[in-house]
C-alpha cells in the first residue's frame, strides 16, 4: 500500500490538540491508517482541491461553507472532538448528503458520574467539613459528629436528564439499593424502565428525593428551569448536585436555598467561569464547590481518540458510526445553543 | 395470653440504651412479645431466682459468673449489642450449653462502606482540597485542577479483610468495573470467588492496587501488621483507606508515607481517641481525617434492635439465630481482645 | 381540539394488523391522538392529495414511489412493523429528506433470548430426551442419567452477532458467571467491552466455547458463513444454538456435525419453512427443533404498538425517534436482502 | 516433616467414595497434607486407640457411639459428604465438645437451580412438546405454536424455601427482571430483603406467581404441606416446579391439578424412586419429568472434596469451618428425618 492509498483525514481539532485526544498508541494507529493533513481551522477552504477532493474525514469542527463542502465529494464524517456543536457549517447540507456529524462528549460521562457520587457521599457524611474541623481541632467524635449523616443505601434518588451522564450515574449507584427516579422529557418511558430507573415528573423527582443529580444539557428551552420554587419543593436536608451547566438553574435561588439550611448542594459549574474572588458561593456553608473539573481528566480526553478511530474504522468499511454520538437533524439547532462543552 | 406467659428477657445493654438501639415501633414490639426486666449490669446475680429461672434472653453483655449461669436453665442467647466481646463470662460453659452469644456489629458495615467509598472518591478527585482552595479563592479550573485526578472505573482495588464490611464495600463498588483483590487469611478462596473478588496475598494487594481499603479486625495476631515496608511497597500515588482499627497499622509509618508524597490516605480511626490537639496528623497534606464517625449513625443503631427481634423470634420457635453473628468457640478469645466496638 | 387537528397517520401494516400490534389500551391511545386513515397498501398513491398532503406517519411499509413521496410534504416517518426492509420505496429520497424509516424487530429480542437459554439448558441437561425416555419407561435415575450433563455456570459461551438479540442473551446469561465471547464485525470493541463481553474472532468463538449462540442477521455478505469447517472446529460435545436465520449456516453440514456426535444443536429456523415431512432433521438425535416460534409471542407483537406510539410522540414534539431502530443509509441495501422478518 | 506429623483423618465416605468426591488434584492434596486411614464405616470402634486418639477429622458419617467418641479426644469435625444427617451418633455430645458436624449438600444448589430454570423455560415455551411434535411432523409454525407461550421477563415468581438452592435460583433468575417472592418461615425477613427478594406468605407465593419453584427441604413438620388446595389457589396456567423432595407435596393432587389443565408442572422427585413403569405421571400431559437427576453431576460431587479441604485447612489453623454447612443443635433432629440426600 502506498501513502496515497490511505484515506485522507483533515485534522483541525482546535481548541483541542491531537496530542490531548490521542494516546501515543492511538496516534500511531491514526497516522498509519490515514493520511493526516493538519489544517488551519479558519481556512479549510484554502486547502487545495486535491486535498478537499480526497478528504474522507474532518477531525474537529472548523467553519465550513456550502461551497467548501461542495468541493468535498468523498466526505463521510465530521468528528467533532468537543461536546458542543457550533453553528458554523450548513448542517442541512450535511444531513442531506448523509455526512455524519458526531461528538465525543460521552467520554466525560464516567468521570462526571464518579465525582457526582463523591459529592453525594461527601454531603451525606460531611466528609469535607469534618476534615476541615479536624485540621482545626474542632472535630466531633463518633455519633456526635453524625447528627445530620445519612446513607445512600435505602434512599430515594432523582436524576434530571438521562443521556450518557445519567446512565453512568445509574451505573455507579447500582451497588446501593436505592430507588432511582428520572425526569427526562426527551426519553421514552420504556427506555428508562429498561435501564432500571423509574420515569417520573420533574415535580416527583424534586419532592421525593434525598439526592437530586442534575445532568441535563442546556437547550434553547430549559434555561433556568430549576428556580426558587423547585428548591423550596425539595425535602428538608436533601442534597442537590449540579453537574451539567449552571444555566439550567437560577444560581442565586440555589444559593439562597442552601443558605437557609433547607437543602445542601454541590456544584461543578457556575454562571461565570472563572468566578470572581468575592462571589458569595465561596463562603456558603452546606455547599461543596468544584471548579469545572468533573470531566476534564486526561484519561477521558484520550478516550476521544479511541472513539474517533473506532468510528472511522466502521465508516471505512461502509458502515455507519456507532461509537460517537450523532448530531440529529431535529435537535442540532437546540443543542448548538450550548455555549461550552461539558468540560 | 397473660403477661406472665411472655418469654422473659433481661435488658442490660449498657453502655448502649434500649432507646438507642430500638426504634419506637421495634421497642413496642419488644415489650409486646417479651417480659422485659431492666437490670443493673453489674448485678445480674442480684436478680431473684424467679427471674433468672425464667430468663430466655439477655440483651447486652453484663458480667456473668458460672454460678449465675447455673441459675438460668432457660437461657438461650446473650444478644450483645456492641461489636466486641468482653472477657466477662465463662464462654466455654455457654458453648457447651448451646447458649448463643451473638453480636450486632454487622449494622455498621453499610455506613462504613459508604463513607469508605466517599473517602476513595474524595482522594481520587481531590474533593476536599479543591473545596478548601475554592473557599480561599485559589481554585484551579478545569484540567489544571486534575493533574493528579484518577478514576475508580478501570482501577485495581485491594481489600484487606472480607467480613461484613468487606462484603459491603464490594457491593458499593459493584457499579465501577474495577478489579478487586482481597486478602483475608481467615476466608477460603472459593468463598471469595463466589463473592466476585480475587483471593490474593497481602503483598499482591499492597503492590497491585490503586486503592487499598483496610477493614480487618484487630486480633491478638495482627497488631501493627501494616508498617513502613507495606506502605513503601504500594504504588506511587495509591490511596490507603483505614476503616477498622488504628492498631492494625503502624500509624507513624502511615503518616510518614503520606508526608513523603508516596501515597495518599484517609482514616476514621486513630491510636488515641480523641486525639491530642497538636497531633501531627491534623496538618498532614494528602490525608483525609474522620473522627471515628464511619459507623455511628442512628439508622445503624436502630437496625441492632431489628436484628435482635428477628433472632429472638427464630429462637422462640426453636430455631438457631441467623441474623446476628455468633461468637465462635475457636475465635472468641482472639476477638475479645478488641478493645472497642467498631463504633 | 377538533378532529382535524390531530396529526394524520396512514395505516398499512400488512401482513400484520393493527389488532395484532396494538393492545386495546394502545389502540385507544392511537385513535385518540391521531387521525388514522386505513389504506390499501398496494394503492397509497390512490389516497387523495388531501390525505397525502397532511400525512405525518405511515404505519407499515407499503410500496411508495418517488412521485407519491413528493405528494407527502409533512411525512416524518415510516414505521415499519416488520423486522425486514423490503426494497419497495426510494430510500435515498427518504434519507435526504430526513424521513425516518424505523423497524420494530427489537420486540423479539427478549423472547428469542429466553427460548435460546431454554435450548441451552435443555441441551446441557438432556431435558427433552430425559422426559421422552421417562414417558416410555426408559429413564435413567440420578447420576446415571447425567453422563453428558454440563453446567452453564463456569462455562465458556460464544455469541455470534451482538445486536438487540445478542444483548438480550447477555442479560439472561448474567446470573451464570460464565465467560462470554462475542464475534460481531460490525461492532466496535469498546462497545462490546462496555456490555461486559469479550470481543473475539469468529475462530475463537467457535473453538473456545461450550455453547455457541447464533443471532447474526443474514446480510448480502454472510450467507452460509458457518459450514463444515466451523462445526469441526468446535469443542467435542459443545452446543450450537441457531436463533436468527437458517441462511447463515450450511444446514446440511450442521446436521452432519450433530449426526456424527461431535456437537449437539438446537434450531428455530430452517432452510425451508415449513419443512417437508420427511426432512432428516426431524429424526436427528442430539438436535432440538422449534418451528420458527422463538419470537412470535403475542406480548412481543403488542410491544410493537407501544414502540410506535412512543416514537410518534417524540416526533410530534420535534424530536428524533429513539425507541424503534432506524434504517441506516449505509446498510439499508444489505439488510433489505433479508427475506423474512425474525418471526 | 515426617509422615506421623500430618493430622490424621479417618475416611469413611460410604455410600460415596473418595474418588467420586475428590478430583485427582484434590485427592493428591488430601494425601499430602493428611494421614488418611480408610476405615470400615460399620466398625470405627475397631480402629485402635492409636488411630482414634490422633484422629482430627472423620470424612463421612459412620455410626459412632458415645464410647468411641470418648476415645477420640482430638476430633474436631465430622465432614459428612452427603446432604442428610443420619441419626447414628450422639449429636448432643458432639455439640457440647464443639466438634463440628458439617454437610456438603450446597454443591447441588447450582446444578439444581440451572435445571430448574431449564424446566421453567421449557414449560413456558413448550420446548419439549414442540420438539416431540416436530419429530412426528405435527409441529405448529410461528405464532400458531405459541398460543400458551409466556415470558419469564416481567413475570412474577415464587420460591418456597430460601436455603442454598433458593439463593442459587435467585442468581440464575437475576437477568430476567422478574418480581420474586419467597416463602421461608425459617428465614428472617431482612435477610430475604438483602438478597433482593420479597418475603411473602405461602398463600401469596401460590396465588401471585406465574412460576412456583419448590426447593424446601422436608422436615418433620412440612410433609405434604402442598396439596389440592394449594394447587387450586394457583393462577390458571402457572407452572409448578418441584426440585427438593416429593414428600413436601401431595403428589396425586399435583397430578390431578395438571391433568385438569389448571397448571403445568415439572418434577425431579417422586413418591417412589424408581417409579413403577405404569405410574400415571409417565403419560401426564403438561408435565416434564426428570428422574432425580437435578443435582447429581460429577462436577458437583468433585466440589465436595474441595469444600472438605478448605474447611479442614481452616480447622487446622484453629479457625471454625466456613465452607460447609454446620449441623445445628436446634434443627439436627428435624433435618435428620430427611430420608435421602438431595441427590
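Going by the order they are written in, the chains are A, B, C and D; count residues from 1 in each one.
What we mean here is this: contacts are C-beta pairs under 8 Å (C-beta built on N, C-alpha and C of every residue); 3 or more make two chains touch, one makes a residue touch a chain.
Labels paired with UniProt names: A, B, C, D = Hydroxyacid dehydrogenase.
Because the structure is predicted, anything quoted here is derived from the model rather than measured.
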item	value
Chain separated most widely from subunit C (Hydroxyacid dehydrogenase), comparing mean CA positions	B
Rounded Å distance between subunit A (Hydroxyacid dehydrogenase) and subunit C (Hydroxyacid dehydrogenase), as computed from the means of their C-alpha atoms	33
Geometric centre distance via CA averages, subunit B (Hydroxyacid dehydrogenase)-subunit A (Hydroxyacid dehydrogenase), whole Å	38
Euclidean distance of C-alpha centroids - subunit B (Hydroxyacid dehydrogenase) vs subunit C (Hydroxyacid dehydrogenase), Å	51
Where subunit A (Hydroxyacid dehydrogenase) touches two or more other chains at once, by residue number	none
Touch-based graph of the chains, sorted into line, ring, star, complete or other	ring
Pairs of chains, among all present, that meet the touch criterion	A-B, A-C, B-D, C-D
Sites on subunit A (Hydroxyacid dehydrogenase) touched by subunit B (Hydroxyacid dehydrogenase) in the complex	110-111, 114-115, 117-119, 121-122, 124-125, 127-128, 130-132, 134-137, 139-143, 145-146, 149-153, 171-176, 273-274, 277, 282-283, 288-293, 296-299, 343
Partner subunit D (Hydroxyacid dehydrogenase), residues of subunit B (Hydroxyacid dehydrogenase) touching it in the complex	95-96, 98, 186-191, 306-307, 310-311, 313-314, 318-320, 322-323, 328-331
